[in-house]
């Protein structure tokens, strides 16, 4: 008799399982959301925005730029996202933030997981073959973060020094290729690099200056670090969207142009990275992409 | 030989003094090391209030740690169900008399057992979308990766379990006219599942721990939210890692204890088949250490 | 194989797996030694040793390896200032080996303990009857028999260890998983091929090892 009961339990489990599987399929189906049937225009950012919601990919672990603080996100990228959403006629509540990491930004755009990516996203030719870019809304550059007392003032002085960056990132690759004498320590997040810098296990952390400034301005590290301030690359931050969405890209550039003059760009800076005392940069509208 | 005292006599007066001496020496040694670790952490300022204060605030728990635990448990629970189903199906497949079923099932199981989970999850998240032209959400990357690996391990555990059922059981079943599928369903699998219960539960502990690899695809589980995102907010990565490690230990210890309880219970009630060879069972299961 | 025809990429592939092999080798030896000691502690007559063994197993077996490796860098190296080499890669390598060893030792210990349980009580009783001490009983009578029973489980532990070495990549060692990520980043069009080569290399090495241990376990099994 006991055997039968076990078999029945197993059958019930299998049944529950298949039901769970069905339920999950439905879930992921709505997630990709292309089958809503509102035609081709709905796949563009402008169309998506007019339907009342927009999924924007942002970073979750970069203070000052894109930082998840519980259920909310904050930072310069987030403020830019709000400006874009407002320009598209979207309520702030219509923005749905999606955490992205560097490696999944292109796939997320290509496959429609997100509509826009605003996540310290450098415009370059290789990425342009896969996605379209609005912006740039900020020109960053690779720089070094060192302890306040450090004598390092340029990447050439890194020979024999330990420098930390993130596995597989462009800054890490640049150090490997151009500054071979530096000893590279790699982690999976900049937070760990900063902790290692605070403990003197590494002599410098390298990535885009604006990201470094974000970390340096955190209260626990107040006065401990300085950004060297001599960027040795140019990283124009763009807003990523689908390759064929020229209309959306043009619209985004229009919004950025307006933001440069009406003070909202400056306000976005002052509210976030400006807190560290750096004056707001100019948004150079002559550099905006042609969306081709 | 479950009672350890079999290995040594009841201590006489000399042995008792020797044991006491060992206790004192070794105990002091441990305390000394612990004190040294404490001092070093203190020296480096790891006990500074600013690093630990966030854990006194409800917001830290509500925003990061509790959602992290939820993420971990959700992925683990889903993957457990799928892994058990996967294991059941593929163990039966591998035991099939039809070579066109047993050989492919064997290849699948052997392959997924041999590939590091880190590589699997990474591939599912970044490679599979190219194949299916659709994104794989982080949750499913983690769940599918965990299912394939742990399911394969469980398949081997079930198979070893079926072998451990005395042959008389299936012979008797065939003798009363049951067909192969019926024998499998009603006689072999239920007994095998019981025999393998401890192995299964300890594999589930491995699975729960392995959800920690979800952070590589930014799935919001305990390690991602509780260590990476939390420390980006408060700059206290070491303190956060200590807190999260304690949570993992408590949760997994509870599950391990359950495994031990089930083990003892099945032994006491004698429902475990007699002819079980623990070597074969664990060897097939490979449940000992996970990724 | 366009990706791997580039000698630079091929060298990266080889160096990635060399790290995996070295870590597996070093950690396997260390974990085995530690594991045997822990198992001896767990069955010893001294309570504090038993307690220590149990605590070790419960702590390290229940913590994700990712966190243990993390603590090796930020605990052992950063905070306790235990530096094992001046070379950044070698230092991370040895920190990784320590993490893998303390973690794997917990599993070795548990495998051995269940192996000890398979040795019939009469064996140890007879050993005591002829006047052997605890350590003699363990070394001469019980462990040799237990060792044969745990060959298969230890094989599984070894295979798991080899796969676990990929996690040391989180503290920056450029082992196979990091190399795979890097190659995938640089060659987005050949993701499937890259994965199959890396996964296939693991499978090609580990599946035969699994069968070898199965065969050994059968050959050396104590016939009762």
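Going by the order they are written in, the chains are A, B and C; count residues from 1 in each one.
Here is the rule we use: a contact is a pair of C-beta atoms (placed from the backbone, for glycine too) under 8 Å apart; a residue touches a chain by one contact, two chains touch by 3 or more.
According to UniProt, the chain labels map to these proteins: A = Amino acid ABC transporter substrate-binding protein, PAAT family; B, C = Glutamate transport system permease protein.
Quantities reported herein were computed from a predicted structural model and do not represent experimental measurements.
**Student:** By mean C-alpha coordinates, which chain is most distant from subunit B?
**Tutor:** With centres defined by C-alpha atoms, farthest from subunit B sits A.
**Student:** Most C-beta contact pairs, which chains?
**Tutor:** Among the chain pairs, B-C has the highest number of C-beta contacts.
**Student:** Mind checking the centre-to-centre distance between subunit A and subunit B? Centres are C-alpha means, answer in whole Å.
**Tutor:** Centre separation, subunit A to subunit B: 34 Å.
**Student:** Can you work out the whole-Å distance between the CA centroids of subunit B and subunit C?
**Tutor:** 16
**Student:** I'd like the Å distance between the centres of subunit A and subunit C, where a centre is the mean of that chain's Cα atoms.
**Tutor:** 37
**Student:** Taking each residue of subunit B in turn, which ones touch at least two of the other chains?
**Tutor:** 44, 126, 215, 237-238
**Student:** For subunit C, write out the residues touching at least two other chains, lowest number first.
**Tutor:** Where subunit C meets two or more other chains at a single residue, that happens at 74, 78-79, 169, 181.
**Student:** For subunit A, what residues touch not just one other chain but two or more?
**Tutor:** Only 103, 188, 192, 195, 199 qualify.
**Student:** Under the stated contact criterion, what part of subunit A meets subunit C in this complex?
**Tutor:** On the subunit A side, the touching residues are 103, 106, 130, 162, 167-168, 183-188, 192, 195-196, 199, 201.
**Student:** Flag every residue of subunit B that touches subunit C in the complex, lowest number first.
**Tutor:** Going by the criterion above, the answer is residues 1-4, 6-9, 11, 15, 19, 22-23, 26-27, 30, 37, 40-41, 44, 46, 110-111, 113-120, 122-123, 126-127, 130-131, 205, 209-210, 212-213, 215, 223, 227, 237-238, 241, 244-245, 248-249, 251-253, 256, 278-280, 282-291.
**Student:** Mind listing the subunit A positions that touch subunit B in their complex?
**Tutor:** Its residues touching subunit B are 2-4, 6-7, 10, 13-14, 16-17, 20, 24, 28, 31-32, 60-63, 67-71, 99-101, 103-104, 107-108, 111-113, 188-189, 191-192, 194-195, 199, 218-221.
**Student:** Write out the stretch or stretches of subunit B touching subunit A in their complex.
**Tutor:** 44, 50-51, 59, 62-64, 78, 81-82, 84-85, 88, 125-126, 129, 133-135, 137, 140, 185-187, 189-190, 193, 215-218, 220, 228-229, 231-238
**Student:** Which residues, counting only subunit C, touch subunit B once they are in their complex?
**Tutor:** Residues 43-49, 52, 58-59, 61-67, 70-71, 74-75, 78-81, 103-104, 107, 110-111, 114-121, 123-125, 128, 133-134, 137-138, 142, 149-153, 155-157, 159-161, 163-164, 166-167, 169, 176-177, 180-181, 184, 191-192, 195, 198-199, 202-203, 205-207, 210, 213-214, 217, 221.
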